[in-house]
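Take a look at the structures listed below.
You will see two complexes here that share chain A, one where it goes with chain B and one where it goes with chain C.
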Partner chain A sequence: TAGNKILHFGACRVSMSMTEIRAGFTAIKANIQARDPIRTLSILSSPRSLHKVKSSDRCCITHHLLNFYMDKVFKHCKTEDSYVNRKISSIANSFLSMRRKLGQCHEQNQCMCGQESTEKFKEILANYEGMNVTSAAMKSLGELDILLDWME
Partner chain B sequence: SGELYCSLLNPRHVRFESINMKNVLHWSAPEGTGNGVLYKVKYSVYGVGKWIRKPECRNINRTWCDLSSETSDYEEQYYASVKAFLNGMVSDWVETTRFNPLTDTKIEPPMLSISSTERSITIILTAPEKWKRSPEEESISLLQVYPGLHYNVSVLNKKTKKRWFFSISNHTLVVPWLEPGTAYCVSAQIRVTTPLLDSGFSKEHCIATLKDK
Partner chain C sequence: LDEDALLPAPQNISILSTNMKHFLTWSPVIVQEETVRYSVEFQGEYEREYANESWIPTSECSLITGTVCNITEDISATVAYNLRVRADVGARRSEWGTLKGVFNRITTSLTPPLMKVIADGYHLLVELEDMGPAFQLRILYWKKGQERKVQQKVVKEVRSVVHLDTMEAGADHCVTAQTYVDAINRSSSFSQTQCVRAQGDKSM
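Here is the complex of A and B:
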């Protein structure tokens, strides 16, 4: 569909509806980020930016992060604003289909996990678990553009 | 002994205005204040602990501060903040929303160079460059920043008022099968699909095809 983008992860090629996800996030970005008062910590970028991860580990990190957002972020981001909630569930649905597609690559052993991606994902989990669940989930959602910028 | 500060109303509309990643902080003076208000500015990298003062924007009376140099790494995101002073009165620090240079910049239209033969027009498009600190610094085209960048080109036959639209990703377009001795006007726009960023259309460039020999 329009705005789908083929992302290449080594031998793995996955079509992702980036434009749709971006448009959904842009619509709620200011609202979500305003709910995150902590400037001194980033779930995805502290202490090292995602951009520092080796390209060979990109597939594995992406696989981990799609699971992370599905299992630990979207479900904890209910707000009092139904418009925002609808946008969040639309983004979650797009992530669900991306996770399914990337999962197929993972099953076909085309999505190898090196030490670097394992360590980076541990950092992300540690950042997340260092906060209460709702704050950590809201901060992670507010960092969706960091993830999308890196994925692309 | 501590100095006693009365409170001053806050600066308003504190925000980044960014064009081709030239990132300038702008704000409006506190309501009801005329001249004489001074400001200071600080900024921080999101996810990093400390606020950093901008010396060149300390005790200034203008309502903008160029933070392009401090925010030039577009893999990072930023906050900036402004405080106002007037006759011993002080405002609070007022912050921007989180600024992402990659998605929050505006892109200027492409530059056009056109030439013609009897029956065709050749259009060469150049994407703007990312802001740089000095002319000596290496230029980075926005094409390198946004790999998915492409161009929408409009070509108008001035006589028949017929218009064509082309969408191309390389930077040269040859429009064939045109009428000799006719004026055509060309305008172009930059389009980035993700993140979604569109420039406006450029000014029209008009040229006539050569007359038939």
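Here is the complex of A and C:
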């Protein structure tokens, strides 16, 4: 089914529809990853994996990452393929819906940013800014399943 | 496009949305002895807030001749969408006609599921309509006269026939059901109750 899941980000619990996002990404994953020639670099995974982030920091880093994808990734991934563009729009609007729900935890102070999440997010930004915008955005989009796996 | 090439923009643009299937409709633009074609575009909240208010062509409605567009695949997040449609005749093109207000799929109307309750010997079965992957079904069933002992079964992966219970000989059992869409966290009303009788005589 559309598969809303209750995701736990430390003290923050949010119901999110992950199945639709995964279906949208799966439909364009090969196309997007084919546009990313530099296979030796990663935006999300180096130097430390997301999986090493403490539970209490999960909400804050998720909030940062949702903003990161909306501010710096989706808008730089426009392609000549209208099918791909529609799927990107679908994912982007679902991220917007998710960030709104996460924002409720932010308001209830359940989304505090610890040292670790701040450091980790700086690494991700540094990886992103170490490349030209379009390549970095396309690579980040190609790594979306890393983020989704970690969130779930 | 010279001045007289302008066509009137499509009017009476509206949404029909039932059970998570969404359709945009509009009134035809009339041009004598010409075929008018229409194109539809959508704009989600993300496009408004982060992508310079850009518009995206729909998957199914570019230069179509009909006045109905299935936008279900394009409305794939629970946010507010803008929608617009324009007309083309040869080299002539209209301005965009835009849906008044926005559309969010959370407002779709949910109808009770179509179902058929079957007594197969002592087995209480229900035959269900497949409404698509977005839907779960909540089925309530009880022995007639024991309305306080209602049982529930939630069906996430809808299949055509669901076995509910084993009935006592000659007993009447009743069933009702509603749909649930977790992407929008809403349920339909319950269907009309249907009752059936198990075979055999009532136990003494």
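In the analysis below, the second predicted complex is superposed on the first by the 151 of 152 C-alpha atoms of A that agree within 3 Å, B and C clash if a C-alpha of one lies under 4 Å from a C-alpha of the other, contacts with A are read in each partner's own complex, and residues count from 1 in each chain.
Please note the rule applied: contacts are C-beta pairs under 8 Å (C-beta built on N, C-alpha and C of every residue); 3 or more make two chains touch, one makes a residue touch a chain.
Here the structure is a predicted model, which means the values were calculated and not measured.
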Contacts of A:S56 with chain B and chain C, given as first, second, both or neither: neither
First (chain B), second (chain C), both or neither touched by A:A92: second
Contacts of A:S42 with chain B and chain C, given as first, second, both or neither: first
Which of chain B and chain C A:S15 touches, first, second, both or neither: second
First (chain B), second (chain C), both or neither touched by A:D71: second
Which superposed partner A:Q33 touches (first chain B, second chain C, both, neither): first
Chain B versus chain C as contact partner of A:S82, first or second or both or neither: second
Touched partner set for A:D145, first chain B, second chain C, both or neither: first
Which superposed partner A:T134 touches (first chain B, second chain C, both, neither): neither
Those residues of chain A which chain B touches in one complex and chain C touches in the other: 3, 19
Chain C residues touching chain A - in the complex, by the definition given at the top: 44-47, 49-51, 56-59, 73-74, 76-79, 133-136, 156-157, 181-183, 185
Complex contacts: residues of chain A adjacent to chain C: 1-4, 15, 17, 19-20, 24, 70-71, 74-75, 82-83, 85-86, 89-90, 92-97
Residues of chain B that touch chain A when the two form their complex: 44, 46-49, 75-77, 79, 97-98, 100, 102-103, 148, 193-196
Touch list for chain A against partner chain B, complex: 3, 5, 18-19, 22-23, 26, 29-30, 33-34, 39-42, 45-46, 49, 51, 142, 145-146, 148-149, 152
